[in-house]
Structures are given as C-alpha cells and as structure tokens.
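Paired with subunit B in one complex and with subunit C in the other, subunit A is shared by the two complexes that follow.
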Partner chain A sequence: MEVLGHLIDGFGIAMQPLNLGLIIFGCALGLFIGAMPGLGSVNGVAILLPMTFLVPPASAIIFLAAIYYGAMYGGAISSIMLGIPGASTAVATTFDGRPLALQGLADRALVAAATASFVGGTISVILFTIFAPPLANVALAFGAPEEFALMMLAFATFVGLGGDDVPKTFFSIFIGLVLSAVGLDIVSGEPRLIFGGISGFMHGINFLVLAIGIYGIGEMLWTIESSRGKLDVSQANVSVRRIIRCLKDLKGTVKAMTMGSFLGYFVGILPAAGATPGSLMAYGVAKSMSKDPRSFGKGNVEGVVAPEAANNAASTGSMLPMLTLGIPGSPTTAILLGGMVIWGLEPGPRLFVNNQEFVWALIASLYAANLFSVLINVAFIPLFVWVLRLPFTILVPIIFILCVVGGYAPTQDMHDVWLMFGFGVVGYLMRKLDYPMAPAVLAIVLGPLAETSMRQSLLMSHGEFGIFFSRAISGPIMIVAIVLFLLPVLKMVKDKIRKPARGTAA
Partner chain B sequence: MRRAELVMAVVLAAFSGYLMWKSAELPIGWIPKRGPGPGAFPFWLGAGMLACCAWIILRWLRGGGPQASSDEPYMDRHALNQFLLGAGSLGVMIGLIHVIGVYGAVPLFLIFYMRVLGGHTWLKTGLMAILTPVATFLFFEIALQITLPKGYTEPMFYPIYDLIY
Partner chain C sequence: MKTLKIMGLSSIIFMLFAAASLTSVAYGEDWTPRKPIEFVIMAGPGGGADKMARLMQTIVEKHDLSPRPLIPVNKAGGSGAEALVYLKEKTGDDYVIMVTLNSFYTTPIRQPALGIDITTFTPIARMAEDTFLLWVNKDSGVTKVDEFVTKAKEMGNDWQMAGTGRAQEDELLTRFLNQTYGLTMTYVPFKGGGDVAKQLAGNHVNSTVNNPSEALGFYEAGTVVPLASFTPERLPLFPDTPTFKELGVDHSYYMQRSVVGTPGMSPEAAAFYRDVFKKVYDSAEWQEYMKTKSLQGAFITGDALMEYWIRQRAQHEELLSDLGDM
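Our next item is the complex of A and B:
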C-alpha cells in the first residue's frame, strides 16, 4: 500500500504542466527518432541529453525516459514499412512485419506493433513498481565491495552473454575504463594520462563525449555507408474503422503478447542482454508456442506482437538495476545514469531514500509515456511513414550539427568537440571490424564508480583481494561474474572437444 | 578485412603500450595507508588492453576469427568515398568553428551537404541554412545561456548581446 501512495505522489509530479508537456513532446520525438532507420533510443538520448540542461533534473530525466519509450515504439515503424530495423531492438519485428507490409497489410502490422508495445510497456512497468522498492531496500546494505562486485557482474554479462567477439569485448571494456580514468585522480588529486599536459584532458573525458561520438557521429557514418541505394517505403491505409478491425484481430495474440512482455522484462534486467536479444528470444518462443509455426516469417501477426511486447518490456526492465543498484542494464540506461550524475543525483540504492520524489515521478512518468506513445503512434501513422522518406542528406547534417553543439555545451571546450569527432571516426572504423561499442560506453560511465569502490574495498582489506570473495553478498556475485567471464572459454573448449569427435565420425 | 584486422590490432596494441608507459609515470604500486597509487588503475587496464590485442594478433596469425578469413574488402570505393565526404566535411566544419564560429560554419556545412551532396533545391538548402543557426542561437545562447564559439565573427554579435543581456 505504501507503494501506491508513493506512486500517487509521483503522478502528482509527473502531471505538472511542464513535465506532462515534456512527456508528450518526448514521446513524439522518440517516435520520430525510433522511426528513422539507423537511429534508436540510445542515439536519441545521447544526442539530446545536452539539450535537457534547460529544465530541472527531474523533468530532464522524465523527458529522456519518454524519448526512450517513444523510440521503442518507433523502431517498429521502419522495420515494417522499410524492412530496415529502426534500431537493433526492432530487428525481430522485420521478420513478420515486413512480409505483412508487402501483402498490403501494413496497417495491421503497425497497429499490432503499437498495441503489443503498449501491453509490454504496461506489464513491465507494473512489475517494475512491484520489484523496485524491495530490491532497493536490499541494496541499501551494500558496501564498496558489493558495488564493485555488481559492476564486475555487469561487465561479465557483456563477455558471457553479449555474443560479440570475446577479446574485442574485453578490449572495449578496458578502453572505456581507461578513458574514464583520464584527468585528476579522485583520491590523490594528481593529474594522470593528460597526454603531455593538454589542458583539455585535465577535466577528464565526459562520458557524453564518447557517447555522442559513437552514437551520434559514428552511427551516422555507419548509416550513410550502409544505406546505399533507394529505400522502398510501403503504403499504409489507415482509418478508424480499419484500426478497430485490426484491434479485433489481435484477440488471438494475447498469449504471445503476455509471454513476450514477461520474457522481455526479465531479459532486460540483465546488463548487456537488453532489448535486442529479448525480442529475438520472444520471437523464437512465440514461434514454438504457436499453433501454426510454419506461417512465421511469412507474415504472422504473432511474430510482430511477441518481439514488440518484449523490446518495450526490456527497456523498462533495464531501468530496474539502473535505479535500484546504480548498474545500467543497457547503453541507453548507461547514458541516463551518466546524466543523473551530471544533474547531481547520486545513483544507487540510496536514490530511493534521498530522492524518493524524483524516483516515483520517473516511475509515474513511465506509465504516462507508455500511454501517450501508443496514442501518438496510432493517431499519426501517416506522419511517421512520411518521416521515412526524409532524405539522408538532410537528416545527416542536422544530426552532425546537433552532435557538435551538444558536445560543446556541457564543458564549453572545443577540445571536447575534437575528441568527440575522433571517437566517432575511430569508433566507426573499429565497429567495421566488429568491436562492440556498448561495453565501452557502459565502462566510461561506471569507471569512476568502479575505481572508487575498488580502492575503498582494498583500503578496508589492506590490499587483500580476498575481500571481494569473503563477504556474504559480494562473494556469490563475484563467482557468478567469473563464471560469466569464463563462459566463452568453456564454450571454446567444448567446441574443440566436439570437433575432433565429428572428424572421426566422418 | 584480413589486413585491416591486423593493422587495427597492432595500432591499438601500440596505443595500449603508450597508455601503460604514461600511467607508470605515476606511482602504480601500493602506497601505505592510501591504497593503490593513482597510476595503478589505468596501468593494469592498459595491460588488459595490450593482452586483448595480443590475443587478437595471435589468433590472426593462426588464421582464426571471422575477420582473418574474410576476403571482403574493409572498405570498398563507395564506402571510402562516403566516409571521407562525411567525416571530412564534419572535420572541416569543426575546424572552421575556430575561425568563423558556429554561426558561420553551420550554414556553410549545410549548404555543402544539402546542395552539393544531396542535390536539394536552393530554396530548401537556403531555408535550412538560415533556420538552423537561428534555432541554435535561440536555444543555446538565449534559453540555455551557453555562449557558442564565434571566432572572428564575435563583433557581429555585440548588438544582439546588448539586446539580450
């Protein structure tokens, strides 16, 4: 019951005119960003974070969360209409959404995607409201060793479950952490890694410089290259009568929607896993649950509904560890977490105690953002289809300009703009060789926190690393983290054993 | 792809080594009562990066990894052109900000990108080239009170400053 009271207070804040306006604007903007091929929630949040300095911190994060939500809805639009996922989180939506559009049933797919997103969002935000307070309570007992162990777990999930090349994932984590160490040392105050005393490095490397470089500039360079040739936009006939008929058709997909929501939520909680694998898994499970698995991939509405419910649920799921433990569950929440630090909010379990109002306003705003996203999405389908026709030669320069001024704004130093440009170019070149970038962004946000908690722990134990393993909570977490780190190695060994066996069989 | 994989790993390995060397200028060992020295964290991370690069290079030498066996070009002509135009024009714009400021560089960049690369009409291009800097000015300088760099065009803004401050 206490939760309900907090939630009502939260709604009181979220419904203030400024916040409500920002939620609606954020949802609409997020839908646009999500609908543009190549741009997803992480790009939108990274590029637009500097713009939120205009409003108070609580409103800023409510706005960014609304963008996050809207973008999760919008991703489906380009998946269905273009066959190109609006973001990696909407890849699974193309499998059946695109065939439906090619059969002239684009409206059916779009309405199904929006409805499923709404169901996924609603179920997950309710689960979030139930789970967050007790989890935060447990986490209040955490000390430095536990915090460090949790961060190790976050990095370990990237290695164990991320599915990317193992040495390259490790490299990405290390380089993110090193970049976060640039500047004045937090304990001794000595400058380090300032590369010959360049003054711009003294204030450290703001995580936004890396995030905008990679998700703004790098992403655009990537999009320009991969979007060669003309885009083929499907037509969608939309009218109220058709939408109602489409909604009636969705009755048979309730099971797939619910399954996708729960699966997505719990996958989303895991750091590194997030919405992309969540939606792919939901697609797979929906296919095996379905009475008619053969029609999957040829335009089965269940194949649209399950991944869309899952990716929205996962985006809420990834907020849970971010708000309660201070460990982001996805690159987007990593950037939100970094934003909270800029706004002077201390992330971690104490947030629920020290900034109770803020937390509940954010949770309430998720309910509202979910509702507005579905309304705006369904009402303005033709507008979003028009966005898809926007040529890259207009979109790209505008995003570049937003990146440059946005990269300049936080520190007001041209040094950071150049650095961001460098990160964008190098990030693009590395991405072409399959170096994953998300771990680096997570690492630069968590780096200062990880270093502080490690050094504090080592001070507590007089330099004994055993402290991470001997404590009741951090011990098991560290062991899970180590298992996850070793998972790819175990897999490699297993493959080696299997290969010769296959050789003799042949 | 094959060559690019090796070149990238070697370059990153050199960078890792450089980072370790720079970190080692600070104490990297244990300082009594203060814990690990300030250089320790970056030093060992640099070592980790170096180890990853060594792993990638060794794997390449043994012919493993998806990139080492790929015959696809790292960048074909089209990709290289797009990359040089995109990154190059952006780099030139950032450089120009130092000289003619944001409000000089942004319209030039838009004109180049939309008219020359995009082939849009002069009307569209001109509209964007005027509206974008105006919107930027209203948002950053007036709403956020963040002064964007203006280079040599600074004096042109004195009358506007008089109006708003």
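Our next item is the complex of A and C:
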C-alpha cells in the first residue's frame, strides 16, 4: 500500500533524535500552555514560532504541531480542576468535568479526558493518513448553505434531545444569540447593540469572557453559598490501582468517545469551524445519545469524554484544509500556515505532491505527539489532583485570579473583565433558577457562524429560503435538524395522550 | 502547586524572551520595544493581507529585527471597521501597528459615524501593491472574458461573485464589471480572500477577483482559471492571461499592502518601525515573495506614504460616488 510506505518514510524522519526530542518537549510545553487560562495554543504557537528558525522546516512544524497537540490535552486540566476553561476548545469539558471534581472524582475525569483525547487524536490521525486528499473535497463541498445547515443541527441537538426543560433551554440559547449579535455587523460593517457607543462592545463579546464568567466566577459563588465555606472539594486519592479502575470505568463510554472522534474530525475539516464548535456539538450529541441525559451537567463521564475526543480530533482535522487548501481551519493553524510560507512551503492542493516528505513527516509526528501527550498527561495526574487538596481559602483566590487573567488576556481590555464579573453574577442566578447554561455558551460560539452563513446563502438565493433545502448536502442536514427541533413537541403530545389515559385508569 | 507550575511556565517564556534579547544586536535607535508588539491584521485568516502579515512577522523574527516579537491579531469585522476603531482607541500607544489594505480608505468614507480620519494615523511603510485578476472555476468551461460576459449576461443576477467584505476592493471591481459589460452579477461578501478562493474552488459561486496569492494554490492545481488582470501590463506569473487594457477596458486597480501605526504614536517609535520594515522589504525572503506572488510597488514611507494615502482616498471617494448608492 502506497500510503503505508509514505508513512514509514515519515516515521523515519519523525523518529530522528532531534525531532523526537522536539515532540516530547513540545507536548510537555503545550500541556502547560493549554492548562493556563488565557494562554491557549494560539499564543503558545505564536510566541514559539521564531524558535523554529533554528531547525529544518520539518522539525519546526513537528515542534509546533506537538505544542498544538499538547495544548489540546492541557485545556481539559484547568477545566476539570478549577472550572475555568484553559482554552476555548475546553469549554465543553467544564460542563461535566467540574462537577466530577467537586464530587471527589477528579482523577476519574482527568483519566477520562486523557484517554478520550488519545482515542480522538488517534482515530483522526488514522483518518487523516488514509483519506486526506479525498476529504479535502468534502471541505470544498461545504458552502455557506451547508455551513448554516450544520449550525442548525448543532442547535437542534441541544434543544431536541437534551432532556432538559425545553423552554429554559430555548431561553438560554436566545440569551447567547443576543450576546453574539453584539459588535460590528459581519456583512454591512455597522455597529450593533453597542449601548450608545461603549467602545468595548465594538469587538463583540468574546465567548471566553462568557464561559469564564459563568463557569469560573458563577461556580465559585455557587460553591461558596452551597458549602458555607466548609468545603472539602476533593478527597480524591490517587494510586495506580485507582487509575486502572478509572480506565475500566471508561468501557461504558466507548460509544461517546467514538462518536466524538468522528464528529470532531469532520467538523474540524470544515474551514471556519474548528475545534471549539466541534467539541460543543459532540457534547450535545453525546447527551442525546446517552441513556441518562439528565445526569449531564451534573457529572457524567460521557460529558467529559465526548468533547475531549472531539477537540483533539478536530485539531488534527483542521490541519487538513490548512495543508491541502491553504485555508486554516482554526486560529492556531493560521499561524502554522504563516510558518510554512516562510519555510518555503506552499500550502495548497500541490503540497502533497511537491513536498511529500514534509507532509508525511508531519503526519507521523502526530502519531508520536499523541502518544507522548497522553503519557505525560497521565504521569502528572497525581500532581493535579493534589492541587484540589489545598484548603478552600487558598484555592478560591487562585481561581479568582486565573479568571481575571483569562478574561483579560484574549482582548487585553478591562471592559471584558467587568463584563466577565457581570456574567458571573448572572450565571450564578441562572444556576439558582435551574437554567441550563451550556446552550448559551453554544449559542455565542455558533451564533456568528450561523448568522454569516445564513446571510451569505440568502444573498446567493436572492432571499429564497429554498436554498437550504434544494442543495444535495444542506437539504438532508436541514431536515434532520427540523425533526430534532420538533421532537420535544412530539413528546409533549405523546405525554398529553398518555396522561388522560392514566387519569382514567386511576 | 498550580501556581508553581504557572511560575514554571512563565519563567520558561521569560527565558525565551531573555534569550531573544541577548542574541539581538544593537539597534542604533533611541526607542526599542520593551514588550511584545500587537500586529493587527485588518482581514481574516488565510487572505492576502493575513499571509503577508505572517510573513512579515516571521522575517522580523528570523533576522532578529526587533527585540520583542510581533503578535498577529486578526480583526476582520465590518470590512476593517473593527480594526480601524481599535487603532483609534489605542491612540498614542507605541505597541500597536496594523497591516492595512484598501478598506483603509473605503470603510471610513462609507461609515462616517466611526469617526476615523486616516490622516491622523502614523504612516510607517508601504510594502507592496497587490494585483487583481478575474477568476472562474474550470468546470464553467469559460476561458475568455467575452465568454464570461455572455454567460454572466445569460444568468443575470444568478451569476454570483464572491469577495471580501462590503464595498471593499472586490465589490468595487464587481460593480465596475457590472457597469462596463452591462451585467447584473450578485455580490456575496465572505470573511477573507482564502474563504473566497475556497468558495470558487468548491463551485459555490461563479467568479472571484482574488489576488494572485489567494488563488495561486488552486490555480496550480488547475481548479480555477484566470481570465484577465486589472493591470497595465501582463503579470510575469500569468504570461498567457491578457490584461483588461488589452481587451479595450483600461482599468487598473491595485491594493496597497501597508503598515500603519496608531494615531499619535511617538516619533521615536515610528522611526523604529520604519527602520524595521525597510529591512523587511530589503530581505531576500520579501523580495522572493513579491516575485512569486506577483506583487508590485516600491517601498515608500513617512510623508510620501501620507501623500499616497490622501491621493488614494480621493480616488476612492470618486470611485464610490461614481458607482452610486454606496
């Protein structure tokens, strides 16, 4: 098999001592960069880009890809341990990872996250190896109407099968959508909802500000209230035996893990989407597939496994449009792309032919990076769990400071920090009133993508909504989305029919 | 423990910075940056402006032209309005510079409410002028401009032209083609030139006016076909592609690739950046990039650049009013 031969050549390059060393160093560095709120893989790769001029191009991209990979693993750590998403891609991991940690099952969540990341990464690299060129055509086949249909599907998975209070879910989605509309209109360039010209609103509301506000600050307030300050967060002990038991527990999540891997990879391929929407969608689907959707958000391991598998798979996936089309699938790959240009490589349809050696060395290094990331991650788990044994009075100020740093870092604007506190209070109140918050986060991430693609599609069709249904790919996706949206209504009707029946029986 | 690790990480990064500044030579300037410089890009990832900005960043790093790194930040919203407003807010800040294009003129003209006066910005360097070509997908079977005109006329407003942003370069050229050839093409804005190129390669739209750097990959793969260039002379990279001038329509249009500083930036900082970008311009990598991506134009800076801007702005005011409702 031709592919296998290339891959073996690639491993030959990736396993050279220098490259292997860079992979290990990159994974370890990426792990910590990912774990730091506000310092995601984007910044990590940007800061370290200049270092790569010291080594040949293949080694350089291997190093940066290892950081990127490590950061995907690392993002989960602060999501689980502190309830602050370390990177945007790890927001969905907080939904269930944090509750698990609060129940003293942090080790379980961490092992699940690491394993899922490994599985997601491995499945996606295999897919990448075998199907890279044909899948590039799939990316090309996705125009604006298809993107919009996909966004609708994502919303529908959160509403239709969530098992939550449907009106409250809708309310949460709409709040997120309104927040996502703040800032400059994407198509016309006019400012919207900037409250009489408050300049901080011009750049829109960064969704990390919302996520850190709700999950960092909001959770902290909630914990203080519910524990009255006498919280023993974690009695989690860590031992080899416990870790093995955790691994055994993961058997039940194989389905969620596989689904997350494939979904994440597929969403990652589409330019403009990337790992964040991928992981959120995987969470939604995992919840809908689960036998026990009501336990999601309260500490279900499947809710950790699905988004973690998805964000790693998506990070591999988003390399595909970068390499084959020259279009970055995520902000981090945009920086990698810049690096490739200066190393004298032309990303695009010809890269696989002109720079075969480089491409296969990169692919081989992804296999290696994946393996080392999981090993390093698992080795550090006892250390991470130890953090949770810190007294509450020390842990809370640390979380608080990290929230402020994480809110400030993306835009370097104090406006966002105040906004984050605001969201924290609102998040706390929503939590008290039992509103699900994940849909709001989903909406603020997907809102702008959905809006742009819808308006582009309608421009293409001169305002006819038929465009979403008449195209071969968007049509079926839209129909599935609509059916999912209608499910709660059908359920209500079914319940109504059943209730009177029960009434007469009694 | 967490804090220990954070300290560990920040000390690694600190050491990297320290190492970078130790290896750097004396700069011969009074002002040198003491923290990373924000390098705002007025367009989305993957477009011509974005690729160029990242190339400039890497050249700066490779030749160690600045003791602190340039950190690229995409602010693509609202045809560059987001980036312009951001720079205005950062008035007097010596650590924010921006890669700009022609929306630098058109967006403030179209949106007076933003209160942007580009003459208040600090001119740093014009690095190149980018060129435009008319592209179609090879599946359309169109290879010449007159075939394009016939087909586009037939399809009326179902013929779709993708471009970046509203009332920017691409839409100006689209309206120009509509007027010249009596067409009614529909213009659909996307977030960056890379996305536009993909729309055409995937056959979701019928034509684009991409810059060479944006369409080159697909051109080499044979997916897209250039019909004619908006330049006075044929481009060396596309020797078989005629110019619109040859076809009897004299319309040349360029896109500036310039670097601009915040309004009220200190003269010392501006001098530092001008020096850095002069060195970038002279570097072998930049010259090579200009050649392979069919870029034109000499390096201009300071007052000459400001004059160029004022001239270009007047020209765009005319273009926008000629084209009616914008």
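Keep in mind that, in the parts below, the second predicted complex is superposed on the first by the 276 of 506 C-alpha atoms of A that agree within 3 Å, B and C clash if a C-alpha of one lies under 4 Å from a C-alpha of the other, contacts with A are read in each partner's own complex, and residues count from 1 in each chain.
Quick note on the criterion: contacts are C-beta pairs under 8 Å (C-beta built on N, C-alpha and C of every residue); 3 or more make two chains touch, one makes a residue touch a chain.
As the structure is a prediction and not an experimental result, all values here were calculated from the model.
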{"item": "First, second, both or neither for A:Q356, with subunit B first and subunit C second", "value": "neither"}
{"item": "Subunit B versus subunit C as contact partner of A:A144, first or second or both or neither", "value": "second"}
{"item": "Contacts of A:L29 with subunit B and subunit C, given as first, second, both or neither", "value": "second"}
{"item": "Touched partner set for A:Q16, first subunit B, second subunit C, both or neither", "value": "neither"}
{"item": "First, second, both or neither for A:E190, with subunit B first and subunit C second", "value": "both"}
{"item": "Partner chain in contact with A:P347 - subunit B first, subunit C second, else both or neither", "value": "second"}
{"item": "Partner chain(s) touched by A:F53 [first = subunit B, second = subunit C, both, neither]", "value": "both"}
{"item": "Which superposed partner A:M220 touches (first subunit B, second subunit C, both, neither)", "value": "first"}
{"item": "Touching partner for A:S295 - first (subunit B), second (subunit C), both, neither", "value": "neither"}
{"item": "Doubly contacted residues of subunit A, that is, touched by subunit B and again by subunit C", "value": "51, 53, 185, 187-188, 190, 398, 412, 459"}
{"item": "Subunit B residues touching subunit A - in the complex, by the definition given at the top", "value": "1, 4-5, 8, 12, 19, 22-23, 26, 30, 34-39, 41-42, 45-46, 48-49, 52-53, 55-56, 59, 65-67, 74-75, 78-79, 82-83, 86-87, 90-91, 93-94, 97-98, 102, 106, 109-110, 113-114, 117-120, 124, 128, 132, 136, 139-140, 143-144, 146-149"}
{"item": "Touch list for subunit A against partner subunit B, complex", "value": "51, 53-54, 165, 167-168, 170-171, 174-175, 177-178, 181, 185, 187-188, 190, 192-193, 195, 217, 220-221, 224-225, 228, 391-394, 396-398, 400-401, 404-405, 408-409, 412, 414, 417-418, 421, 424-425, 428-430, 432-434, 451, 454-455, 458-459, 463"}
{"item": "In the complex, subunit A residues that touch subunit C", "value": "29, 32-33, 35-36, 39, 43, 46-51, 53, 81-82, 139-144, 183-191, 199, 202-204, 271-272, 321, 325-328, 331, 334-335, 337-339, 341-342, 346-350, 383, 386-387, 390, 398, 412, 452, 456, 459-460, 462"}
{"item": "Of all residues in subunit C, those that touch subunit A in their complex", "value": "1-3, 5-6, 8-9, 12-13, 16, 20, 38, 45-46, 50-51, 53-55, 57-59, 61-62, 69, 71-72, 74-75, 77-82, 85-86, 89, 107, 110-111, 113, 157, 160, 165-166, 186-191, 194-195, 197-199, 201-202, 204-205, 216-218, 220-221, 223, 285, 289"}
